[in-house]
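Each in C-alpha cells, the structures are laid out below.
Both of the next two complexes hold chain A, though its partner changes from chain B to chain C.
Let's look at the complex of A and B:
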C-alpha cells in the first residue's frame, strides 16, 4: 500500500497517510472548489488500506482549523470508513486537535465521537 | 463536428505576435550584422533566413558582447554571421495557439525570452516573435477572460438578487424591527432566504446550499423551486413537513438516492448536494414560533433571558445522499413574549477563520456581539456584529457565504 503525502494549499489540508506505519494525519484548512475531487482518491486509498487491516492499531491525527460543508460530508465518510474498521476489530485512535479557544472545532470533534462510537476519539486542546 | 465547437475568433495564435524586422542571410558577414544593429538601436533580434528557410536568430546583446572581446572584430568581422547566431531557436507555426506557445517557450528555456522565436507559415519564415510580447498577449488574454467571466457572474448576481426581492418586500411589510444580511462570498452564492407573510403570521427560511459561487447559486435555484412547489401542496405552518417534502423532491430530482434506494450504475457521477437550513413559522396570535432545522440552530433572546440561548435542529441536511428518503424532521414550538429577538444564521459567520490565532469566530463571539447591544434596534445590533466580524476576519479571506436573519418581535 503506497503512502499518500499531499502538501497543504490555501484551500486543502496537508495529507500525510503513512499506511505502512498505520498513522494518518490531516492538518490545515479544507475548502476546495470540488471537495469530491480532492477526497475521492483519498477515500479510495483508505478503503483499500483498511480492507487489509486485521486487529491493527491505527492512529489518526486531525488538526483542522476550518472545513466547509462539502468537505465536512467527505470527512464524515472518512470517519465512517474508520468506524467500520474499528467495528471489524481494529483499534482506531483519533486525536482531534483544536485551539483551546476554538469551540467550533471542539464541538465538531465531539459530534464525530458521538456519531462514530467505535472510534477512540480524544479531543486535544492546543494551548 | 469538432470544428463547430471551436471558437476561432477567440482563439489567439502565435501569428498575432508577428514582427518583421530586417533579416540577413547566412552568407552575410558579421560586419553586415553590426551595421544593421548600429543603424537601428531598437533592433534586438535579427532573424537569419535563407530563401524563406528559417536558420537562426542573432541576439543583439550576445552578438555585441562577443564582438567586443579582444580581436574578435578583426577575426570574425568578415566571417559568416552564423558564428554568433542561436542556431536552434524555437520555431513555431503561425497558427499555434498562444497557450500552447507559452508552454513551448517555458520548456525551451530562458534564451527564448531574450532571443525571441521564429514564426513560420507552411514551413516558410514569416517573422519573429518576442518574449515580452508573448507575456503581454497572455496578460491581455487573461484579463479579457477574467473580464468576461466577471461580467457573466455579475449578471448572474442580478438574477439571483431579483429572486430575493419578493422576500425583501414581504419582510419590510410584515416586520418593524429586523435585519437581513446576505453576503455571497463570490458575488453569487449558495445562501438563500425566503420570507412570506400570512394574515396570522409569517414564514421564514434561511438556507445554506452546498457550495458557494456559481455551483452554490445553481443549488439555490433548485432549492427555491423545490420550496415553491412544496408550498403549493403543504402547510407552511408545519416547517418539519416542508423539509421532508423538499428532501424527497430534491433527492429524486438530483438522483441523490443511497445505493439501496436506486439501481443506477453511474454511482460515481451523481452529485451529493443539498441544503442546511432553518424553517420557521411565527404565529402572531399565539405568539409561538414553530421551528424545524437541518443542521442550522436558532438563536433566541427573550426579554427575561440573561444569555442568548440556542435551539438545535435535526442533524441531517436536506436532500443529501446520506439523508434517507423518508427522513422526518422535528418541529419545536417556542413561546415568544413581546420583545423577543430571534436570529438565524448560516455557518459563514460562526466558522469564519480569523483573529490572532487563525481560529473560527465561533458562537461565543457571535452571541457576545449581539448581547452587547441587546436593547438596540436590530440594524444597530447587526452593525455591531458585522464590525466585530470584520475585525475578526481582518486580512483573512472570506471562507463562505454569510447570511443572517434577525427579528425583534413587538
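Let's look at the complex of A and C:
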C-alpha cells in the first residue's frame, strides 16, 4: 500500500497518510473548490488500506484550523470508514486538536465521537 | 467612468469602512487570493481568533456560493467554474459584516426564501441542531456541496442573517443579496 503525502495549499490541508506505520495526519485548512474531487481519492486509498488491516492499532492526528461546509461531510465519511475498521477489530485512536477558544472545531470532534463510538477520540486543546 | 466618479466611489467605500470590495467573475483562485488578503487584514486587527475564523468561514461560504450557483456563468465545467457576483467586507463599530450578491434565476427565489427565512428566527441552539441533522442526511438534488452553506453562515454570524432579492431589469434573473454580521 503506497503512502500518501500531499503538501498543504491555501485551500487544502497537508495530508500525510503513512499506511506502512499506521499513522495518518491531516493538518491545515480545507476549503477546496470541489471537496469531493479532493477527498474522493483519499477515501479510496484509506478504504484499500483498511481492508487489509487485522487487529491493527491506527493513529490519526487531525489538526484542522478551518474547514468549509462541503469538506465537513467528506470528513464524516472518512471517519465512518475508520469506525467500520474499529468495529472490525482494529484499534483506532484519533487525536482531535483544536484552538483552545474554538468551540466549532471542538464540537465537530465531539459529533464524530458521538456518531462513531468505536473510535477512541481524544480532543486536545492547542495552547 | 471619469475620475470624479471613481473618487465618489472611493469616498463612499471609506465612509462605510469597506475593508475590501470585489465585483466580477468568481473562481476558486479569486476566492483564495481574496481569502489571503482578508486574513492579512484581520491579523492586523484586534479581532479574536474565533471572530477571525468565523469571518473567514462566512467569507468562504458566500464566495464559493457565487462560484457554484450564480446564474451568470462565464465557464461552467465540473472543476473550473467562473460565475458573476460581488462581495464586500466592512466594519461597523466593533463588528465586521460580509455581504454578497449574485444573480439567480427568478423562479429559484421562493425555494431560497423558504430556506433562509426560518434561519432569521431560529436560536443559535436550533441552528446548531439543524446543522447536526443536515450533516447526517444525504445532500439534496442540485447541491454541489453538503447543503450546509447557509446553516454555516447563520451559525457563525452573531446577529440574524439579512437577505434581499432585487429583480434585474430586462433579464430573467434576480439579484440575491445575503448579509452576515460578526
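Heads up, the rule we're going with is that the second predicted complex is superposed on the first by the 127 of 127 C-alpha atoms of A that agree within 3 Å, B and C clash if a C-alpha of one lies under 4 Å from a C-alpha of the other, contacts with A are read in each partner's own complex, and residues count from 1 in each chain.
In this section, a residue touches a chain if its C-beta (ideal position, glycine included) is under 8 Å from a C-beta of that chain, and two chains touch if they have at least 3 such contacts.
These numbers were taken from a predicted model, which means no experiment stands behind them.
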If you stack the two complexes on chain A, which partner ends up touching A:101: first (chain B), second (chain C), both, or neither?
-> both
Classify the contacts of A:66 with the two partner chains as first (chain B alone), second (chain C alone), both, or neither.
-> both
Of chain B and chain C, the chain that contacts the larger number of chain A residues = C
Have a look at where A:37 lands relative to chain B and chain C in the superposition and call it first, second, both or neither.
-> second
Can you list the residues of chain A that meet both chain B and chain C?
-> 31, 33, 65-66, 68-70, 73, 76, 99, 101-104, 111
Using the touch rule from the top, collect the residues of chain B that touch chain A in their complex.
-> 208, 210-213, 272, 276, 315, 317, 320, 322, 347, 350-351, 353, 357-360, 362-364, 399-400
Spell out the residues on chain C that touch chain A in their complex, using ranges where they run on.
-> 28, 31-32, 35-36, 48-50, 53-54, 56-57, 60-61, 64, 67, 78-79, 81, 128, 132, 135-136, 139, 144-146, 148-149, 151-152, 155-156
Given the complex, residues on chain A that touch chain B span 29, 31, 33, 36, 65-66, 68-70, 73, 76, 99, 101-105, 111
In the complex, chain A touches chain C at residues 10-11, 31-35, 37, 65-66, 68-70, 72-73, 76, 99, 101-104, 107, 111, 115
